[in-house]
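Heads up, the next two complexes both have subunit A, just with different partners, subunit B and then subunit C.
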Partner chain A sequence: MFLQYKFLIIMRAIWFAAQVAFFGLIASRMVVPELADVYFEYYVAGVVIMMLYSTSVFIGYDIFEEAEHGVFEYLLSLPVSRRELVLGRSIGGGIRSFIFIGPIVAITLFVIGLANPLNFLIAFSALFLFAFGVSGMSITIAVGLKSGDRFDILMGVLNAFIIRLSTTMYPQVFVQDASQLYAALTTINPVTFASDLFRWGVGIEKYLTIAPMPLAPILGLTAFFFAFTFVGVTVYEKRLEGGGWQ
Partner chain B sequence: MIRAVAHIIEYDFRNFLRYKWWLAGLISMNLADLLIMAVVYNQMVSPAIIEEIRSYFNFFAPGVTVLGLFASAFMIGREVNMEVRREIHHYMLSLPITRLELAMGRLLAGGLRGMMYMSPLLLTTFVVLGFPSAVQLLVILGALFLLATGISGLSIAIAASTTSFEKFVTARGLVYYVLFFCSSIFYPLSLIQSLGREGIMPIPIVVLAELNPLSSGADLIRSFLLGNPPFTIRMISNLVLFSAIFATTAMFAYMRIIERK
Partner chain C sequence: MSDSIISTMDLTKRFEDLVAVDHLNLNIEDGEIFGLLGPNGAGKTTTVLMLTTVIKPTEGNAVVGGFDVKRQPDDVRRLIGICFQEPKILWVSNSWDVLNWHAKVCGLSTQERKTRVKDVLESLNMWSHRQKKVHGLSGGMRKRIEIAKVLIQRPKIAFIDEPTAQIDVIGKHKIWNMIRELRDAGSTIILATNELYEADILSDRVAIMHKGRLMVCDTPKTLKDSIPGGDSVEIQLEKEVTKNVLEKLKAFHEVVDVVNIDPNRLRAYLNNVEEVVPDIMKLFLRSRMPVKSIHVSEPSLDDVFVHYTGLTIEAAEQEGPARRHK
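Moving on, here comes the complex of A and B:
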């Protein structure tokens, strides 16, 4: 189903290239000297997490598509329980986003390099929790709204705030200098956990936010995964009964 | 002729106001860029660059205004593409309006919608950076209208060149990202030029950034409100050229596509 989004995938790939080749490269010349040495690598790692987030959200769009085309009825007729169905959707959404970002991660590793393969494996595995959690969040929001347009807009707005109030684009120390409120929000943002973990995995250890590594972000991502997967399962299950998606 | 064009503009404005949720979303994104991203980058920008731009927040405020103008003026293309796909243009052709009036109306409506959306962002920029003189204000509004009309033309030209929504969205994405990131919206043009001189950025990209109408629009506002970069007539000539090329192309492309069987 994911392959139906081939144009969207092409667009995201163009976005990645533009972010890295233009913004990452030019902004790394704009920042203070102590950050300039690592900022390009720091930013590229953040862009990977932004991509993982935005591709994991796609599952919500599928739910609207299925409701529009009557696929829900077919899914409900399958010999699987509602819970299995929802868990499958959430995990499937996370896995396919990994398939999509696989080549991008490979390019990133080529650009940044890899300091410690074991750290990378730990971080990469833990990022599955992040992808499943985001898919669960997307499912929860999608089934809570009946309009595809509103979902699209809400996800756009959420994306704008959740990404900017994280450490994907800038280190926490500068967020702290800018605003205490922003800094407080970045420390509880799952996107920050994922960004820090990925940077730790590829060996960019300067300017990490969460400690101790990698335990703290893994615990944060686990909590995020459980919260949204099970909230998602409950909401989705309730909506499925009696044609609540219509 | 003016009456017919005004009717088309009214039709497009009514459509625009139907997208109130979309507009609220776009405003939130622009404000998130200005109030979060720019505020944090303010702390990160090196003293050497600060000397040139005063503060990143001040530098970015005109940039986000142009960003908003671009996104909203580009929306007309999405509607034209949808009308072509759903054959709503047959209704448009049945109206007692000439093809040229129809095309002009669509083009101007796209530009004016961009101006309307951009107004609160421009006002925010004025509140933050200070108000320009009456003459400067007129020049800014005139230049931004040229930019908005050119963007509207560009989006209509892309929309008219394909009946596939996916292809339109992909082409739009490509144009968005290249024009956004290869401009002086997020960073001073001098940085791109210095990367070009060092051989890191290819020269065609540097030239594109210099000629990019979004760079001209953002830098024109900066030149009046911040005093840097200095105002040059090239900023205006870039916008006139961009607007003339894409307005003409869009009108011919639109007239051709609606008459296609």
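Moving on, here comes the complex of A and C:
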């Protein structure tokens, strides 16, 4: 099942390597020399979360493939409730994205090191909620739009907002310098919760946004997961009238 | 109807200006094979999708196995199994995985799954293809996998849409027998098809749909008998038929019309041919007019469709589904 995405996985791995080897290495030279290494590690951890986000979004594309092959109608006829179906798809999508990024996390740990294994385990486990939530969000948008092209475009725009208005690539103190509004938005962004949690897990505790750690981001991710599971079920029930897929 | 396992009450589905199903009222009895007939675009598949809770009705309602399709869809889905018109299969998997996964979701135990999947694959001559990727199979083989899902599941109510589309003649007979066995094991079967012969030989009752509406519903025999003069009997005599015998023949109340094809041969259009043929034979014998040969034919469900819609099934297909006037 996972092998059908081998091209995508390889390309994502290359993208990760390029981001770290080119952008991460060069951009870290732009900051004051004493913080260059800190920023490099900060950025590498952020790229892992970006990858987790983008691979969790894949499930939305699966929905269109299923609609095209008619598998969607089959799934809807099975003796499972819509809630179980959405939850199953979200969790399945989340687990799959974890499998995709597993090797990348291992490389990251090799680059950054691991200060506290218990913190890492807590953070890593909580990131499942993030992956499930993003999958749920992707399913909700896919089913809501019923158009592969629109989905593709909207996810591109959403990616621009949700990643850029988070602390994935830059610490919040610099965001605050640019705009108070941007800074406020980063504090309610699930990508910020995930990024902070992962950095805390691997021991990069400088420039964390959310406090107290790890409780606050875990609660934020839990709310994100439940919100999109609930919205996903509702949209599923309202929008699935058969046909109309573009 | 107390034995109804499915009832529809003004069941309607519209897609923008297209009326796919128009105020459908049906009662399907427990344990019967119910044929839902009509050309492509008649509304059969949309009806099946509403009854299986895949899509929601625009208007009206239906009760399936005692559960409301709008308010209790989860309960409905626990009772049903569906074989889709186009195979709905996870394309990346092989036949065994597809069926084993389906059986698992439907709640079959590991041992039961193994046994049933193996038995059904063997019966459908698919056992040797069980490890092949589904996208590598022919259309007919994929259709066999689709119907295998229902045969393995053995649901209380099975919806089977075009069961033998793309399947060869031997395969068709095998599948027809398996559908009968499923019914005999206690399932109610709703058979949506545009193959009228298939519906005729399998169904206990049939409903004919056209442009989303129900035209008529009864047993195949009653429907065929409902065509006035639908049966025909062609009689070849040893000698020329007399006017007197012809008048006596026309006097039978079952006989609608008699045509002289040539002086020694005539064709009678009549009702209930199987009951009246002995009397016709007696008439010729009493009149000392030896019969050389006799050929009896009954109408088919195609004739029934033409009678109730005024169109052949091919012409009805070309007309397409009903659209609302804006």
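We adopt the following convention: the second predicted complex is superposed on the first by the 234 of 246 C-alpha atoms of A that agree within 3 Å, B and C clash if a C-alpha of one lies under 4 Å from a C-alpha of the other, contacts with A are read in each partner's own complex, and residues count from 1 in each chain.
The rule is short, and it goes like this: a residue touches a chain if its C-beta (ideal position, glycine included) is under 8 Å from a C-beta of that chain, and two chains touch if they have at least 3 such contacts.
Remember, it's a predicted structure, so these values are computed and weren't measured experimentally.
Q: Return first, second, both or neither, reflecting whether A:182 touches subunit B, subunit C, both chains, or no partner chain.
A: In the superposition, A:182 touches subunit B alone.
Q: Which partner, subunit B or subunit C, is in contact with more residues of subunit A?
A: So, of the two partners, B touches more residues of subunit A.
Q: Is A:22 contacted by the first partner subunit B, the second partner subunit C, both or neither?
A: Touch status of A:22: first partner only.
Q: For A:71, using the defined touch cut-off, is the partner it touches subunit B, subunit C, both, or neither? Pick first, second, both or neither.
A: The second partner, subunit C, only.
Q: Which partner does A:81 contact after superposing on A: first (subunit B), second (subunit C), both, neither?
A: After superposing on A, A:81 lies in contact with subunit C but is clear of subunit B.
Q: Report for A:227: first if it touches subunit B alone, second if subunit C alone, otherwise both or neither.
A: neither
Q: What is the contact status of A:153 with respect to subunit B (first) and subunit C (second): first, second, both, or neither?
A: A:153 contacts subunit B only, not subunit C.
Q: May I ask you to decide whether A:107 touches subunit B, subunit C, both, or neither, giving the answer as first, second, both or neither?
A: neither
Q: For a test of understanding, state which residues of subunit B touch subunit A in their complex under the given definition.
A: Interface residues on subunit B, with respect to subunit A: 21-22, 24-25, 28-29, 32-33, 36-37, 39-47, 49, 166-167, 169-170, 173-174, 177-178, 180-182, 186-188, 191-192, 194-195, 200-201.
Q: In their shared complex, at which residues does subunit A touch subunit C?
A: 1, 4, 69-71, 73-74, 76-82, 240-244
Q: Spell out the part of subunit C that touches subunit A in their complex, as residue ranges.
A: My answer: residues 15, 46, 49, 52-56, 73-74, 77-78, 80, 82, 84, 86-93, 105-107.
Q: Which stretch or stretches of subunit A touch subunit B in the complex?
A: 6-8, 10-11, 14-15, 18-19, 22-23, 25-27, 29-33, 35-36, 149-150, 153-154, 156-157, 160-161, 164-165, 169-170, 174-175, 177-179, 182
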